[in-house]
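The next part holds the structures, each set out as structure tokens.
Same chain, two partners: chain A is paired with chain B first, then with chain C.
What follows is the complex of A and B.
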């Protein structure tokens, strides 16, 4: 387990430096060097979405059974309004992160990438935030984006971590 | 015993009765029997003039499916279920038998077809439909074909020094890979598979969607591992098709009942009957609500009663279940056998466990203690009185529930006795069957008795029929207690000498059981017993 995480740590640093297609991942690494089970990540909101220009923090916790078990990943609480993310807790609804659909071949960078893609491709059919999902389902994108903006700019205790 | 032999016969002999095209079979039945189909065979087919071609085959099927009737009273113009009792392994074995037939259509190895069936929820029909149209797509979606051939062979590999990408450890000697080229060490694969076996879904390569076949799973995780996966998968199938299949609700029983003509299920409530099925271990339960046999009550009575019991008396249950003080000397007595005739070990006082009165009063075969006596003191508020009434019946219900459990344990002891009889006295197996049969009669009698108390509780006490019902109840109590007492006899020779007594008492319990059940059904049909949530 630890050798896997150590290797991922090394690879991630290399990939982020070399691969331009990961430029939206500002950082990904363990919180401290002597404990590889808690990681933090910072990602930029995808361009051409209402999240563009905002930074988001992900908190990653890896269990003893990793990589057989998926990592537990959340956004910082009260930081991101999204129909598949619980605003108060930062919990993410993403099938990839469920035991049933997880594969040990994926690594933490895959997960962060998948979450980043989720920001641009919301799934209103399995929502955690029902209000935003309803707006998306009604195809009222301007209302959706306006509500997201309101939250991102500090409405309802939002964007505390920005 | 005749029963299980019959079931075996069904399994092996008549392939149509244990259809594997589960879904299509049910549709077929539904169509044939029509909506709200009537009950007797003549009526069943009277309207089906168009389908006379099918008539013969169905008739034949019906007769092959037909189970021996327990008491016959399910026969007089009321619906009847035809069903099979299976285990998950048997269901899987039947799948394998079917494979022989459908393999030529697919022209693939057996392992591939199993993966496809698993993916298609064991629905042969859906799979074949897709297969005939887009064979290649099915193969790819089931993970049986790689999109791009790269010339890797499937199987276990040996290396001097292998670096696994999952655990990132080198020096691995054994690994496994599929045609996709994704290769991981054996330990990682073993951990991965172990987690997935109980999910029952197709297990894929960790790096892509290529499927692991049963032989691969056995090669990686050890023999019989795929069997575990198949069992989980079949379990998932049963769960999904719970209108056709139900697990036996009894503890540690792994039987599955498959009902062939589910359209008749809707017919039962009209008659205030319940669709009882009996599994191979002689557990009788209701296919509709999944509870144990709750005759003479119907599902409504059982449901309301159980709900009430959960609400009002979760702990009452415990208080009543455990010990009682001897009414005479006050010593604590634990009931460890099924009989309600108690003899205090310290003062030799004989009393009835239920009413705690002297046993002598019970002598004439008449059991006063199952009658609820209205409180003479009418000054008590209404609610208190109704709670008292409920407590009274609940107490009886739980007494008999407890006794039934003890009888079940007694039944296991009887098995030992039967063995002893066969070995010591040299009796043949058939000659000792009166013992398990009496136990069965006893348990069924007690279950009926138990569920008769809710019926009594919800019945209008002033009605004459209710009084008759209570009389019937008392008679069954007498019959059950007397049989229960007889079953306490331990001496083998004594048992043999009293064989006739066993036989008579068991038959008496059975006939009283039937009478009480019918009487209870009468109460329900005539609207005298109405289960309501308060």
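What follows is the complex of A and C.
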């Protein structure tokens, strides 16, 4: 299925240039040209969230069985505080990325898009970061946002772009 | 202190248990292999109450039976537009001189037979809309199965 990845590689560059609705995806491509199984992506934090103004790196690993199997996607470790993301490992809890909810009609760009949407729409009922989820469930949004900002400014690998 | 197994000179994970587990997995395999065959279903449908039948059918969520995939309607080349491509391999259908394209029932989404066959061997949902392709399966017709009165006991 590497031909499919090669096709995606070609199309992604085109889509990112032409389609304004993906303007928050700064880059998406294989780490090296001779190996299409490892990709990197850079996304901007969504506007009107605590992540706004920060850049985040996604590490994407594609198996031989792609697109019949979902890609393995993580954030760079210690980079993003979010109730559905494990801060230490960068693991993401998103049903789309699990085998039983995956569909081969998805491509890497739309996976990245789904993860970007997750940043703005945390789902506290299936948390990987219990502290942040508890604050959301208690509807204490100011405490939640303050804690996220604290992490982003402290141990973050993301950098403010302005 | 010695354990119960040592004192009684037995081994819980003994050979007997292994053999039993083998047999169980064999039966399990057999059921999996034939679970979707109509004949077995028809036979089973005679002895299992209808309410239970539904539950049993729902258990077989792993992929579609081969004959289902084989029976998917082919799409004639003349009905394919020039831009249409398979969303699994992202290849344009017309790039192939003899494209083998099938249409899923109900949602009518199209794919290369080769691509969708691999997917449907593990799943029962349409890759594009997640429609359960088997959910509209016709009911098993039990009326055609003849039940012998004497259960074949008297030769």
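The definition used in the following text is that the second predicted complex is superposed on the first by the 154 of 162 C-alpha atoms of A that agree within 3 Å, B and C clash if a C-alpha of one lies under 4 Å from a C-alpha of the other, contacts with A are read in each partner's own complex, and residues count from 1 in each chain.
Simple rule for what comes next: contacts are C-beta pairs under 8 Å (C-beta built on N, C-alpha and C of every residue); 3 or more make two chains touch, one makes a residue touch a chain.
Just so it is clear, the model here is predicted, and its values are computed rather than measured.
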Side-by-side fit of chain B and chain C on chain A, or clash: clash
Which superposed partner A:7 touches (first chain B, second chain C, both, neither): both
Touched partner set for A:103, first chain B, second chain C, both or neither: both
Partner chain(s) touched by A:91 [first = chain B, second = chain C, both, neither]: neither
First (chain B), second (chain C), both or neither touched by A:67: both
Contacts of A:24 with chain B and chain C, given as first, second, both or neither: neither
Chain C collision site on chain B, chosen from 38-46, 56-64, 74-82 or 92-100, when both complexes are overlaid on chain A: 92-100
Chain A residues contacted in one complex by chain B, in the other by chain C: 1, 3-4, 7-8, 67-68, 103-105
Of chain C, residues touching chain A in the complex: 87-91, 115, 118-119, 122, 125, 127-128, 130
Of chain A, residues touching chain B in the complex: 1, 3-4, 6-8, 67-68, 99-100, 103-105
Contact set on chain B toward chain A in their complex: 165-169, 182, 184, 188, 191-192, 195, 199, 201, 204, 206-207
Chain C contact footprint on chain A (complex, rising order): 1, 3-4, 7-8, 11, 67-68, 103-105, 107
